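Order of writing sets the labels: A, B, C, D, E and F. Residues in every chain begin at 1.
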Amino acid sequence: MSWLTWPFRCIGFFLWFAKEMVTSSAAVLKDNLTPGQDSTPGITAFDSQCRNDYEITLLAALITLTPGTLTLGLNSDSKVSQADVAVSSPAKTGPLTIYVHGLYSGSADATREELRDMETRMLRGIRREGAPS
Amino acid sequence: MIGVDLGILIIGVACLGSAYRILRGPTQADRAVAGDLLLFGFVGLIALFGVRMANEYTFDIVLVAALVGFLSALSLARALTRGKR
Amino acid sequence: MTVAITAGLLVFGAVYLMMKREMLRVILGFILLGHAGNIVLMAAGGTSRRDLPYGSPEDLSTIADPLPQAFVLTAIVIAFSITIVMLVLAVTGNDDDDTAAAAKEVQE
Amino acid sequence: MSAALLPLFVAVPLMMAALLVIVGDRRVVHAVGLLGTMITAVGAAVLLILEFRSGGAIAHGISSWPFGIAIPFVADMFTALMLVVTGLLTIVCSWFAIASGRAANVYFAPLVLVLTAGVNGALLTADLFNLFVFIEVMLLPSYGLFVLAARHKGTLQQVAGARLYVTLNLLTSTVFLIGVGFIYGTAGTVNMGELAGLAKTDPTVAISGAVCLFALAIKASVVPVHGWLAAAYPATSPAITALFSGLHTKVAIYGIYRMYAVVFDGDSRWLWIGVTLFCLTMVIGVLGAVGEKTTRSILAFHMISQIGYILLGVALFTLAGLTAGIFYLLHHMIVKASLFLSTGAVEVRYGTGEIGKLSGIAKREPVIAVAFFIAALSLAGLPPFSGFVAKFTLILASVKAGQIAAVVVMLLVSLVTLLSMLKIWNGVFWGDSKSSEKVSTSNADDDAPATSPADGNLPEASPTGTAAAAASTSGRKQSVAEPASAAQSSGGVATKEAPTASATRADPETKASSATTVAERPRIGMALAGPAVFTAAITLGLGLGAELLLGLSATAAEGLLDTTAYVQAVMGS
Amino acid sequence: MLLTCLVIALLTCFVSPLITKFLGRNAGWVLALPLLGAAVLAVSAFADAARSGSADSSGSPVVQQWVPWMPTVDVGLGLRMDGLALVFTLLVLVIGALIMVYSTRYLEPVGKHGTFYLLMTGFAAAMLALVLADDLIVLYVAWEATTLCSFFLIARSGAGAREPAIRTLLVTVAGGLLLLAAVTVMIIATGTTRLSDILVDPVWSANGALTTAVAVLIAMAAFTKSAQFPFQAWLPDSMVAITPVSAYLHAAAMVKAGIYLLLRFSPVFADVSVWNVMLVTAGLITALFGAIAALRRYDLKELLAYSTMSQLGLLVTMIGIGTPEALKAAVIHTIAHALFKSALFMFVGVIDHSAHTRDVRELAHMKLRMPVTATAMGLAAASMAGVPLLLGFVSKETMLKAFLDAPGPAWVPWVVTAAAAVASIFTFAYSARLVLGAFGGRADRSEDSDDVVREASPAFWGAPVLGATAGLVLGVTPFLLDKLVTVGATASAGEEVEAHFALWHGLVPELFVSLTVIAIGTMLVLARHRVHHAMAPYDFPISGLDVVDTAREQTIRFGGVVGGWTGSIAPRRHLSIPAVALIVIAALAALTIDDLPAVVGEPSDPLDWVLVVLIACGVVAMMQAKTLIAAIVVTGVVGFGMTVWFLQLGATDVAITQLLVEILTVCVMVLLLRRLPTTFEKTPPRQHVIPLLVAGGAGLATTVGVWALTGRREMSPASEYFLTEGYNETGGTNLVNTILVDFRALDTLGELTVLGVAGITIAALLRARKPSPERSANIQDHSPLIDARDNTVFVRTAAKLMAPIIVAGSLILLLRGHYEPGGGFIAALVGGAGFALAYLAAPSDRSARVQMPYLLLIGLGVAVGVGTGFLGYLDGSFLRPLHPEVFGFQATTALVFDVGVYLAVIGVILASFNLLGRPPKRGGQPLVGGSDPGAPTHESDVSDAPTDREKRAEGESAASGSTSSEHSRDHANNPEESDEVNAR
Amino acid sequence: MDLLTIIGNITIVIGALVFATAALGVLRFPDAYMRVSAVGTAGGVGIVLLVAGALALQPSIPNVVKVVLIVVVHLASSAVGTMAIARATYITRTPLEHFEFDELAEATPETDAEEDELSERS
């Protein structure tokens, strides 16, 4: 059944993301256009629930595209390579940590919160099944 | 087509800003990222100039530019680490 | 006029860089010089006609001259080839690309 | 010969180069492919000469497009002569390269073949942009040949020389390209046939053409843009120096002759510039030569000087002048190659070309010595060699044209030329090989571990030993002009060479350990000496039987003086 | 007949090595014969001519012959023997033969004498050619040949002879060049190279300036050869040569060539006052200087050398006087001098051989018991001294008579005669010094001591005795020479001269002069020790040799300076000169061109200025950039600016190509960046000034050039053709592409060759020389972000997304190139970008999937391109596109051509990434493909993806979390290191 | 001037302005990370808007396909490229000048060697 709803979930997610883009853009723009800096920059470690290269890449890209946040890189405890494995890779065994540079969230936890929200929405949007609730 | 001309001017000015950052630095990363932005700017300029000239192959070029712009960003990252992947 | 100024600017930078010590800068100078050559070729076809030379156009008065474009295409690729060669030369000299030091050592 | 076959002068070497690259490293196949192609090309070019005995020209528009659209390939006597001599030189230099081990890799033969294709194309084309392309087709393989060496045995000097060589040539070709652009901008064509005489009537075309001529002048190393050649040419291997000396500058000179004849129609208004610059070139070149300290740098500066002579022919722009110039050009290609090849053979076998480091070669290598001396005398313009005929006809033409100052310059330069040739003769060929043996014996006493553990077939001296050897060598020759500075400089080189010795030792063509004495080296075999002897024989033959080449040159000169045949051929009418 | 003589001489020369090989030093016996034979032949030919009455304008007999040589410049092998030539022919051949004979005993019994005889016979042949030449070119050639022969003959006499040989060569070659100048001017002025015609050409009387100029040139040329002031120095210097050489050089060859030249041209210049003044002045100075110097020498040979100089001075003076009487004197004195001087030299050689010294001071302690030698040498010396009954007396009498009758102002005869008399006095004195020095010695002890020197063998002294005796015989019967001197003098005077010599002419003034000379001379001999002491302090202030040497050294030094101007091998100096020169050209052009055609249309668009400003900023930024990264980035900026410019100018294909090339260039640069320093060096501000000026000037010149030389004409005819006919002719709608692959496919073929060769070149370069070591960045090795495998996930995923787009795009661009933007280059560049992406996305350099047989690809590319060209011959021309029907579609071979282009471009891009971006292959072989020497298989076999073992090693290192080992593997640029890493 | 043209022009100007904010960020933000962050967004989105606007000016089916490809490729490539630069910025020890918290530094094991290097740099 989930494959029936998949296109709508997908579009829904991207619409949500577009809205997010506009709001956070406004924040950044305001900060930029007003004198001084009111940002609270910091780097957050975020353990992702993404299961394959495509998910993690999409997530990282979306984070980067979102105004105010930037993916710095990735660290997987499991060093089993995905590079040479064909298209669909098995789920990761260990946590996949994304390090994110955030500007306006105030604290690491707040950032994690936002990221988690985004990740969940994303996985719900793009996974045909098995998305986190 | 005033919007196109205006767009060209705005992007042109933005590119100048990036160029300033490239020269100023202070870190290599600053130069790299400013360079990245500048190249994006040129992708935009290609689109705008192409449309303005009514070039029917504008989007072909932009597509190619988008593809290779990626290469330039990756190369810049590689340049920062001097080959370290 | 804009094309002429562009060509002049490119040559300006090119000559300045060619007079530098480091091979890499010299190469960059040559990249600029190559651009200058190409823009001169484009200018040679006339810059008042700028429409694309495709198909079999009826009205030739606005169509860009295709011949210089072919020239420039050839020239770009040739310049690219030589640039690669020069770049390799830049890293096969000394530990750095310092041509002056290499020359000095050779002359000793 | 059908004009439609002219492109084969380019296509066949190119195809052969491609095939050799595909075939991979098979030495015999490469040698046969290279020499076979070149001999065929020379044979075909000789047929062309026969065809043009009484003048005329043939042309073909590549791909049979109409006139003005197709790239035209044209041949007349001048082209044919150049095709023959460049081909011959390529054969001879390839032979030398094969004999000296420089060709022992997969790259040599393909690169030389592409170079040949470029040379032939540049000689044949009557389209200025196409000329630019073919100049590049010449240059790219040259960059490769310049740095060619045994694995990891390329020297720093080679790279430094290559940097200079590449950058200067790139500058030249870009300037040429810009000139071509201006010509297209003003005349609306780059076809030599359509351009014929335009520079005489249209000053904007003239200035555009001047840019092209200037570019060719840099390439030909005319003063004041001459220094690069003297600095770069000695940096590569002898075989390659010889090859380049015969091909690169000469194609540029050919271009100058052709362009001034066709596009400028021999416009007499600008000839004085040529006379002035070319006389300066003679003087500056020869002075540079006489001041140099290694054989090849002397010879490289000579090339500059001689180029002044050659180009004076076009600056006179009379039948006599052009005839003399063309004869000089062809003679010079052969003689210069001969000199580079004879000194190169010494350099390959004895490890250095530095004046004062060798002596007694004449006794050990009489064949090479005679070959060198013949070529040297020929270069200095002494009879009965081709150089005399060249110089004499040129002087005759200059007097006829009333250029007395040029005559005076030529005569003075001849004298200094001889002086510098004697410098090589004195510094390399003369003397006693025994004396250097003594030096080496004393070295061996001082430094017991004379061989390196890595590849110990060639003895290697310690830096101090080498310096001492060099110093005592020059000390012994008190009468040599600058004993003190010679000792200083050779000592300096010796100390500098020591760290790089391990990198250069095993390569037969790089400066090997300089302390190895003349007597210890194996002699130069006939395979290595052959090219020098062959070319020396040609210069003698061209001196005694000068009439043949003079007649052909005169035919070629007539074609330049009256370009009707050439232009009509290009125009397809 | 003359040709036969010359051929005989030349053949003698050619066979001499062979003869010497068999006979050793005795070859001289054999070699003398053909010389004598030739002399006989010459005489008989001349006699025939005299009988048959073939004569020149002055009525003397002449033999002529003409063989064409270089008709283009009207040069032939013209030979002509008149009386003058006959005299010199005889001297050259007879004296030559004597010296050949003499050499058989002078030379060492064993040794290599091949070159000696070769050069001596060559010398004789050259001299013969010189005196017989009736063509100026032949004359010059022979002149230089004598120079060369003498150079070698001097030079082969040991290490000490080299410098003298070089000095001799330089002086005489300089003279040769003057002769060449004279020859050229004469040829141009008279329109012929034929000497006999030139000598009677009306131009001499018509053009005074020309005549004077040529006279000066000829005189100077002869002065160098005959060692006349100020060119006298080389002659004594060349004494180092062995005696037979000196004998020939001084008596009959070399120096006599100058005398011959003067005599030959005397008919034309005898009335030119510059000629007279030059010859007389130089001759007298030389005569006096030589005579005085000779008196002060200890070495007998050196004494003779100065004596030659002096005698030649007298000869030159005679020619300078120029009257028939003087020329008559010159001819007979030439003969006399040849006889006594050759004899004297040979005798000195005999003494030298027997006594092992020729130093007067050493000989003074010896007793020479050599009666024959002493007598004959005495005779020869007496002849030189002008003692009656000897030929020298006759010639000196004739000379004095001519001097006393010298034309011109009244003081001239007096001054000339007085000077000649003084020279003769010294001649008498040094002649005596010669004989007394040789034989006047006293052995210190008894006769059987070692210091007594015995007579040599007759074969040794035979030849010189012959010469000395001839002097005596002819001295007693001088009328025997009447005929010879008559014809000789007639030829050199250009008018009928009668010579009548007799032993007794009566009490004529010259007899009194002669007697005075002998009297004073005798007194000088008697007072010789006092004279010697008195003269000792006076040395010539400037040594001529020093002048030559200084000139030579200064030339070399100055040459060093001149070479130093451009000596640097660093490109920047060499590059700046053309830039300056271009500015000059532009400035000159601006001055010469005054009106230009009108500008056509509106060449600018307002928004062009955006591009101008951006490019200006980019350029300035490139100039300002202090770090390499910044420089490369802003280079990209300018490149992208150019892309937009091309787009703006309606050049879509160009824009795409520019874009792709720009990016690939940046990619390659980044590959190399790790081997270069981070920053450029700082240059002090003042060092910016000149570059800025030059660059500014060049830029301005370019702008003005583009403004003036472009945009001022309508569309070119060719372009109109492309636009109107391009589609019809080729079926392609992308007209730029049709130009590339149809109309101007040859350019494209060249271009793809260039690209391919660039690949080969970098392979060759990197084979010849290892690149500089890599410099690692300051990397945070322990960061959680360090793992390459984790962190390339994004890129790899993106690359997977783009791969199909790139592949499809590349193919589409290739196939549609003839119709829409694209074509082989663009398609291949896009494909190359794909490879670049694959390279950049790979988790390690080694695993980057760019390993392909790039050399093969390049070779195939070129082969396909040329092969398509060959196909064109099916339709009659190279590269003619064919349009076969394939499955009902209209295909074009242009597409095949584009495939060739594609392959070559891909090959080069792969070459770059493989050679520059990947660690070297195992076993020390850098990845240059299977065509490596020693590699048996093709490169597709060997340079494939990493081996299984390698992959395992990588997997292990990744699994163990050893990130630093991964790091170091990337930096392992030499085989040992990488093997070490892999082995761990 | 039809509606599409107007929309196109407006979109283009908006895109240009978004792009300009990135440039502003690159100019005004105090450290490299914040600058990278600015580029990651505006560089991607701005160009997409520009291209979309351009499409409105030259609407055609092939162009729509091309633009879709462009948007996908550009968003992906700009984001991924920016991340590559961001990571390179970090691992080459570019100083993080302004931060309230840094969990990446906490996760980085400090080794002796590194401390030495750090002290050397300061």
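Note that a contact is a pair of C-beta atoms (placed from the backbone, for glycine too) under 8 Å apart; a residue touches a chain by one contact, two chains touch by 3 or more.
Here's who's who by UniProt: B = Monovalent cation/H+ antiporter complex subunit F.
Just so it is clear, the structure is predicted and the values come from calculations on it, not from any experiment.
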In how few steps can one go from subunit B to subunit D if every step must land on a touching chain?
2
Chain labels contacting subunit E and also subunit F:
A, B
Taking all protein C-alpha atoms shown, work out their mean, then name the chain whose own C-alpha mean is nearest to it.
D
Compare the CA centroid of subunit D with every other chain's and tell me the farthest one.
A
State the pair with the higher C-beta contact count; candidates are C-D and B-F.
B-F
CA centroid of subunit B to CA centroid of subunit E, Å
57
Can you check how far apart subunit B and subunit C are, centre to centre, with Cα atoms defining each centre and the answer in Å?
20
Indicate the whole-number Å distance between the mean C-alpha point of subunit A and the mean C-alpha point of subunit E.
77
With chain centres taken as the means of their Cα atoms, state the distance from subunit D to subunit E in Å.
12
Multi-chain contact sites of subunit B, meaning residues that touch two or more partners
8, 15, 28, 32, 34, 50, 53, 55-58, 60, 63, 67, 69-70, 72, 74, 76, 78, 80-81, 84
Would you give the residues of subunit F that are in contact with at least 2 other chains, written as numbers and ranges?
24, 36, 42, 44, 69, 73, 76-78, 80, 82-84, 87, 89-92, 104, 107
Residues of subunit C that contact two or more other chains, please.
18, 23, 26, 36, 40, 43-45, 50, 52, 67, 71, 74, 78-79, 81-82, 85, 89-90, 92-94, 99, 102-103, 106
Okay, what are all the chain pairs that touch?
A-E, A-F, B-C, B-E, B-F, C-D, C-E, D-E, E-F
Touching subunit B in the complex: which residues of subunit F?
5, 8-13, 15-17, 19-20, 22-24, 26-27, 32, 35-36, 39, 42-44, 46-47, 50-51, 53-55, 57-58, 63, 66-67, 69-70, 73-74, 76-78, 80-82, 84-85, 87-89, 91-92, 94-95
Mind pulling up the subunit B residues that touch subunit E in the complex?
5, 8-9, 12, 15-16, 19, 22-23, 25, 28, 31-32, 34-35, 38-39, 42, 45-46, 49-50, 52-53, 55, 57-58, 60-61, 63-65, 67-72, 74-76, 78-85
Mind pulling up the subunit E residues that touch subunit A in the complex?
784-785, 787, 789-794, 796-798, 800, 842-843, 847, 955, 958-961
Inside the complex, what are the residues of subunit C that reach subunit B?
50, 52
Show which residues of subunit A lie in contact with subunit F when the two form their complex.
21, 25, 28-29, 32-33, 37, 39-45, 57, 60-62, 64-73, 75, 97, 99, 101, 103, 106-108
